[in-house]
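What follows is a pair of complexes built around subunit A, which joins subunit B in one and subunit C in the other.
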Partner chain A sequence: MGAFDAIDIARSGADVSQLWLQAIAHNIANINTVRSADEEPFRAKLVHAEEVLDGDGVGEGARAVEILDSDADPMVVFDPDNPLANEDGYVVRPVVDLSKEMTDMIAAQRSYQMNLQVIKTNEETYQAALRIGQ
Partner chain B sequence: MMLPPISGVAGTPGVAAAQQPTAPTAADGFGDKIASALQSVSDAEFGADSIAQNIATGGDASVQELMTSMTKAQLSVDLLVQVRNKAIEAYQEIMRMQI
Partner chain C sequence: MVPISDQTMAAIEYAMDALNTRAEVTANNVANSEVPGFKASRVSFEDQLRRALAGDRVERIQDPDIAGTGAPGDAIGNNVSLENEVVEMMQTNLLQQAMVEAFNFKAGMLRSAIGRTS
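And now, the complex of A and B:
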């Protein structure tokens, strides 16, 4: 156990939050990615985070283990003029819920800020300890 | 007219490889301990520098990684300075002693 463990743990949380923000950016960027109904639609990317356990002490933070695709049902739209449409005239809309992405973005931003606040508090604590005896 | 292509910056010296701090032994004096601590502080600074270089050259290091390493290096320096201040204070206290 080192002196800066809490800072490293909080940083691991900030890393996960940053990856989450990246996934949200990717999902929103693909809000117009229409494909032929014969193809697999674009599916929103979800970050699967997991705790990192330490043998003896408390944990060592969080890490992203994998990126998953959303399981929601795709919306198939009749659009025969679309050059991407299949023989029956259908295209498939991306599986992205914009309102969910926007609320997730708030949560991801707050999560990042929380971890930075933990780092800041730790730094202040450490500096308070350095003032002992002064 | 042919313009010569922009060539990469050549011969940029990399960050010198940080040396491993030697494990203090029982025979080590205060000077050796301070030297060993200086070495670890220097390692922390080198680590932060290499991350800063990575970010400045478009590497994949994150800003939080840079800022946390810089914070850790800064706190290590603060700790070392405090230890030095205490040691010098003690030394001066002894030197002022009336015999």
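And now, the complex of A and C:
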């Protein structure tokens, strides 16, 4: 832990939010990624984040641990004209819940903004501390 | 006791240190506001400081308390309220600035006492 810890902590939170926004963008970009029913479907990416603790058990930010695939059930549809369809004429739709992605995007964006606000406010506080003795 | 580092100075120093911890804990709450199972914490030091000032032993004051807010969690078991964190952050910022002003005021008084005008 250094002198400007609150700013580092907020940066770690902004990093996680940024990664989350990227995952959401990736999921929405693949909303039409159809594959043959014989293949594994596209699965929405989920960011697994957790709190970071220092040696004394005091929180010092957040971090992304891993990127997980959604394990929701895929939708297999009969679409024999699709060139990707398997021998029986089935394709598999991507496992992406658009309404979940949209609400997650709001949460991720707010979280990102809030972390930047924390950086800004604490920068002001540290500026004030620099005026000690002046 | 050395007159330059009196009770007021010691109290300001302690308060600034504790406010710094509070700013970090608040930043940590915001950073983890979407992490499943995370619980928000608060720093309290005002009571310790008040007791220490009443007892005239500011130097031996204990570290600030860090404890959970105990607010109910949401669907992902997280109980951070961003509104509360923003208010907490603003208050901490203002208090910290007030502490700097208080310190500078006190330092100014000491300066005049030793015969300097600025």
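Just so it is clear, the second predicted complex is superposed on the first by the 129 of 134 C-alpha atoms of A that agree within 3 Å, B and C clash if a C-alpha of one lies under 4 Å from a C-alpha of the other, contacts with A are read in each partner's own complex, and residues count from 1 in each chain.
Simple rule for what comes next: contacts are C-beta pairs under 8 Å (C-beta built on N, C-alpha and C of every residue); 3 or more make two chains touch, one makes a residue touch a chain.
Predicted, not measured: the structure shown is a model, and the values here were computed from it.
Once the two complexes are laid over each other on the shared chain, residue contacts for A:106 go to neither subunit B nor subunit C.
Residue contacts after overlaying the shared chain place A:116 against subunit B, while subunit C stays out of touching range. Looking at the shared chain after the overlay, A:18 reaches subunit B, while subunit C stays out of its contact range.
Considering which of subunit B and subunit C touches more of subunit A, the answer is C.
Applying the stated contact rule after C-alpha superposition, one finds that A:51 touches subunit C and leaves subunit B untouched.
Residue overlap on subunit A between the subunit B contacts of one complex and the subunit C contacts of the other covers 7, 10, 14, 115, 133. Only residues 62, 64-65, 67-68, 71-72, 75, 78-79, 82, 86 of subunit B touch subunit A when the two sit together in their complex. Residues of subunit C touching subunit A in their complex: 16, 20, 23-35, 38, 41, 66, 82, 85-86, 89-90, 92-93, 96-97, 100, 103-104, 107. Looking at the complex, you find that subunit A touches subunit B at residues 3-4, 7-8, 10-11, 14-15, 18, 115-116, 119, 123, 126-127, 130, 133.
If you check the complex, the residues on subunit A that touch subunit C are 5-7, 9-10, 12-14, 16-17, 20, 49-51, 58-62, 107-108, 110-111, 114-115, 117-118, 121-122, 124-125, 128-129, 131-134.
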